[in-house]
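Which chain is which? They are A, B, C and D, in the order written, and residues in each are numbered from 1.
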Amino acid sequence: MDFAPDDTARDFTARARAFLDEHVLPAEPELDAQLAAAPGEWATPPVIRDLRERARAQGLWNLFLPGDHGGAGLTNLQYAPVAEVTGWSPRLAPAAFNCAAPDTGNMEVLNDFGTPAQKSEWLEPLLRAEIRSSFCMTEPDHASSDATNIGTSIRRDGDHYVITGRKWWSTGAMNPDAAIFIVMGKTDPDADRHRQQSMILVPRDTDGVEIVRPLTVFGYDDRDHGGHAEVAFHDVRVPAANLIAGEGDGFAIAQARLGPGRIHHCMRAIGMGERALALMTARANDRRAFGRSLADQGVVREWAAEARIQLEALRLLVLKTAWLMDTVGNRQAMTEIQAIKIAVPRAMQTIIDRAIQVHGGAGVSSDTPLAELYAGIRSLRIADGPDEVHLSSLGRAELSPHRA
Amino acid sequence: MDFAPDDTARDFTARARAFLDEHVLPAEPELDAQLAAAPGEWATPPVIRDLRERARAQGLWNLFLPGDHGGAGLTNLQYAPVAEVTGWSPRLAPAAFNCAAPDTGNMEVLNDFGTPAQKSEWLEPLLRAEIRSSFCMTEPDHASSDATNIGTSIRRDGDHYVITGRKWWSTGAMNPDAAIFIVMGKTDPDADRHRQQSMILVPRDTDGVEIVRPLTVFGYDDRDHGGHAEVAFHDVRVPAANLIAGEGDGFAIAQARLGPGRIHHCMRAIGMGERALALMTARANDRRAFGRSLADQGVVREWAAEARIQLEALRLLVLKTAWLMDTVGNRQAMTEIQAIKIAVPRAMQTIIDRAIQVHGGAGVSSDTPLAELYAGIRSLRIADGPDEVHLSSLGRAELSPHRA
Amino acid sequence: MDFAPDDTARDFTARARAFLDEHVLPAEPELDAQLAAAPGEWATPPVIRDLRERARAQGLWNLFLPGDHGGAGLTNLQYAPVAEVTGWSPRLAPAAFNCAAPDTGNMEVLNDFGTPAQKSEWLEPLLRAEIRSSFCMTEPDHASSDATNIGTSIRRDGDHYVITGRKWWSTGAMNPDAAIFIVMGKTDPDADRHRQQSMILVPRDTDGVEIVRPLTVFGYDDRDHGGHAEVAFHDVRVPAANLIAGEGDGFAIAQARLGPGRIHHCMRAIGMGERALALMTARANDRRAFGRSLADQGVVREWAAEARIQLEALRLLVLKTAWLMDTVGNRQAMTEIQAIKIAVPRAMQTIIDRAIQVHGGAGVSSDTPLAELYAGIRSLRIADGPDEVHLSSLGRAELSPHRA
Amino acid sequence: MDFAPDDTARDFTARARAFLDEHVLPAEPELDAQLAAAPGEWATPPVIRDLRERARAQGLWNLFLPGDHGGAGLTNLQYAPVAEVTGWSPRLAPAAFNCAAPDTGNMEVLNDFGTPAQKSEWLEPLLRAEIRSSFCMTEPDHASSDATNIGTSIRRDGDHYVITGRKWWSTGAMNPDAAIFIVMGKTDPDADRHRQQSMILVPRDTDGVEIVRPLTVFGYDDRDHGGHAEVAFHDVRVPAANLIAGEGDGFAIAQARLGPGRIHHCMRAIGMGERALALMTARANDRRAFGRSLADQGVVREWAAEARIQLEALRLLVLKTAWLMDTVGNRQAMTEIQAIKIAVPRAMQTIIDRAIQVHGGAGVSSDTPLAELYAGIRSLRIADGPDEVHLSSLGRAELSPHRA
């Protein structure tokens, strides 16, 4: 249970931090300008392409993927402080390092469950960031808090599968670079509850794939990373070889994908909280009201203290979770993964909200990253299952009488 | 202390409710469509113009203004349930009834402090909704939580005043119809702390008035009501007759304006909370997860109960405040005005946030009004002074030893 | 919906307040001294007997009971501010006015459901405070959150009923003056769920009644009002005429008893909160730390403001509930009764807890009434059903689709 | 930053746990019985003496004291899980292992600052538990949140010091075995603010020492560990050699004493929270209401999940703090010590409070340890400085501009 960063982690963290300070934070206004100059444009902004080139040249690339894939092969525990650094600028840094959702999860799925052909066709270009991808799981007509609750059908028809259904919150799918979609659907509605679902690869340009519309998160369209699309699949026909693993494996693949996804979100969320606290600190020292610096107001001090306490305690819990995933495996770390999935976004939301309050009007505007950080962290409490589902599940396990 | 609506209040409330159901709620998608069809357009959308005509024809007009001004002459207590109805659709209903901020506050200022000439030139067209207006108080470079903290100068120069400074959060000012700005500035920085400020009328088309840029609130540009502008005043010269009341009266006018403004916000906020709860209820009955309706999940029941309790208790406090303003005056109602200013937005924020959570992804998107309601209510906790300033002031009064 | 106190209410409230200030508050140290001087003594302390004589002589007597019973015949709305006054000193004032639970509820039951003989034998002496009483409902072996969940049996045997079972939290039963127990039990376990229970009168001195032991609330034995007893009924035989109303009426009587009981608790709780805030205010002005009065510390101001807001909003909700009970009846006021039952104790608990915090060590000791107030208010969140049961019930009603 | 228990820690923790299960938990009813049988008796109950003998024989003795003092010489990191075990039964286990406050802090003071004569006379018998001790710091007439705020004077008079003042919350002082008091007072009111205070040893039987009265904590007299006394020092004269360290060193000694004291409280508090959760779990599985086990109610699951999350995150923060104290010293760990001092008792209070709620009436009574655990943990939020002082101090440090 040694959480101290080793030499590798220290090295990557320091380089990521330097890259953030030198290249990423200064690029934020550039991103805003590029987006403002190209309304309705969903392709990857040039500033992100530039950052990627730079980052890749420095070896800050594919850091999220354990093992040897041209990336750094970091463990979860080594990756945690690096991912935290990227959380300081969630629109730019994860993408710059090719460590952004949903590509990360999709690459993990292909890496862990893909056939050699699937890997060659889709994983390789993703690892090189030549294409991007989307994950089509959530549906508008079914409560996604229950992951078995899927309306989309994947029907075998000779050498093909035919996909019919409607998805939304397909993150990144507005971006024309998102060349491949991993789609969850039901191959056998009569099978056991957790064996009805399968996952299948659907190239963007397949007939019958309709990008219906972009969704917003609060008022943000998240164009920087390809937005969130509603996607309709009208009898979309793909070769049977596009199925990932076997029929009925969909739920298990989803579960396997979610563990790392959740901890990555939490690692970055800690960085988002740290940035919010840093902004709050700067503002509190800069502003005066009623004859005193805001930093001298009792309530601001209290908020700073509460923020520091939460950050310290929850970072440790994230690190322990990473360490467990590295040492005993994702499945054995399920309690801790659920715990951080619940606790981290919620606590960071409070920190960001208070940083907004200290900034007054600037806080809700786009003059600081806070309001957009808020929108992002608030959504995390819904994505991959709402807090309440995880609380209930964690509580049931805790109360289980044979546990004690 | 009789809060029961009298016949007049009942009549107006019923008519407002019918208008809301028949005309306003169905017009919401139309508003979205018009805004989407005209990106970058800040003028009043046609749907609002149509609603206004209809509402005015029905006498649902200028209801906010006590006394006889071609409006209904409602008391605050009578207006409260009507304003609550308009809170169900804050983008459309207040504007439809010509009861939208900042016009309401500006009309009150002109009504209470304007000269006959000022009234004739600006109040009359505002009462007829021929023009709109903006209130230029908050500044980017000064903590607006302290209302004496104003950097803009209003300098006498012969028969004119010259205004120099920078404002933001000038709501409505992006709309070219906003023909008149009420600007707060300092006429005498050496006077007593509460006598340094004055208010002055600045027509939009005066030389030196620069509409710098629109601001966003959690990604929303609020184009429906003219957005929020940063406005620069570059040595703007207006006739001395444009001063409202006398030099040094600015702070007092601001205070007089804020009382009604705050209670109007709170009345509408109750309606926002009711709508969120109604949406939560509909969704909870409509959706199923884990084999049960969401309405059968313990946590959703708890949220509905908490929402109902807060709505009932805080509505009564708003009504009491209105009754006090009617019977003993705004100044004597200051404690209650502060209390609702603090308590209502905060409680409604929680209700709306939980309604979002029950809706999952739909809740943060624009498929329901919830995320935009959230952005609006969250901003209220900053506008007109952050909660913390009011808590401190209310607490100081409460702890005052000569009170007990 | 006129909550302003009428002349009668104003008169009684003023007299109650004067009595409190002159006689009750000064008697608190005397009560402590009498209790300390007589360890293990459960009879009514002399100071309470004295206060009763004085209060009765002044007509401050049986104020809780609507209608003409030698009391004042106050409505609930009239009684509310009087009961609030008694909440300032919950150990002494309610008992002084013969308005203390559980006697009040028991008198209501006898008044509403008793036969003339039952009234003559038990209600009359209770109204004169010659005896006291206990209500034996809660059982150690059954979750009392579900009021149908009763293990005690009441078995007909010829002209008698035989009671067998075990009760606890029989408030007042340690006091030998508690001459009569109202006992809830099952007469027919096979009847409809809400028709299995009956209530019966059991004189304390009946064979088979065993006062097992006193219970404590936190560390308090509540000797001032007869404590809380565990009581065993070992085949206790009473005449059939002791049954209250008919067999199967027990649940309905319990429900009828609970409404007024709950609002009385809430009225007094508001007074407890006001006293805590008054103590907090006095202390905050009296103490200095770090070169400033505690009243000048931001956090104390915030607490005072929050307390004032909660007190104002919830008092109004209590008054509305009282007004509903007076005008449309207890059953129609059920939503509001539940709302205040949930909201008031919880909010007052926070106020008292913060008053404790401002007092430091004195706050948790017996040098202020705060710690004992805390214990009392905390218990209210369990008594008559835990908050969670009421939240669930209120939420279910709110979410009911046919409601909107 | 390796928090995994090493062999020594694992061994001691396992033995402490076995001792707890075999000897301590079963002795709790015995303690209650002995206290009930001897009202007014403040001496150490026989059951504690017995446990001490057993524990000492097993080497579970003086575990808190780093270094070689006949104890185990555990580091803070090694001691943490052992102390957590003792938190399961705070009335018995810490005393059984001679690891109970205030003796632990007093032994540390003597160990770190005492002269050889002072150690021989007082430390040695304390290490053997032949005597007990008290720490006289808090005063009734001064806000103890400000540790420089001391009214007691320690005046040099020839070869003696004369102590005059009044203390309270002198824990353990009611116990006649408490043979020695460490008293904080001012030797030089004109010195620098942190150099005015000194500490001095006052034997209990010195002339002028008056044990005024016991204090209660939420009704509990804490007789098991000698209660909390108000102590008056009427011109108490002791030899000059009784001064600990030098004149003016009092504040520094207090600070040195507080660090370990605080983390010990936090370690035990984690154990208190674990016990409360274990009790909640057992109860929730045991009780049924509305046709379901309480463990199947959503709200109980949520509470269990929240409890588990808090326990995991805060235990890690306590371990990190211990590790810092061991590796970089108490002074460098000040931020973390403050963080856990604030966060741990507060979180454990919530866990215990909810466990009470799940138990209903049993929870507030003495039938479970919960209400007394609550009283203890609530007091921790006041003792050694209220939460608010620590929040303010931690926040000030966090906001310090030269930090970032």
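Note that in this section a residue touches a chain if its C-beta (ideal position, glycine included) is under 8 Å from a C-beta of that chain, and two chains touch if they have at least 3 such contacts.
Because the structure is predicted, anything quoted here is derived from the model rather than measured.
Look at the CA centroids: the one farthest from the centroid of chain B belongs to D. Between the chain pairs A-B and B-D, more C-beta pairs are in contact across A-B.
Centre-to-centre spacing of chain B and chain C amounts to 44 Å, using the average Cα coordinate of each chain.
Averaging Cα coordinates per chain places chain A and chain B 37 Å apart. Averaging C-alpha coordinates per chain places the centre of chain B 53 Å away from that of chain D. Shared interface positions of chain B, defined as residues touching 2 or more other chains, are 297-299, 302, 388, 392. Within the complex formed with chain D, the chain A residues making contact are 1-4, 277-278, 281-282, 284-285, 295, 298, 300-309, 312-314, 316-317, 320, 335-336, 339, 342-343, 388, 390-396, 398-399, 401, 403-404.
Within the complex formed with chain B, the residues of chain D that make contact are 297-299, 302. Chain D makes touch with chain C in their complex at residues 39, 138, 140, 143-146, 149, 168-169, 215-221, 287-290, 294, 297, 299, 356-357, 360-367, 371-372, 374-375, 378-379, 381-383, 386-389, 392.
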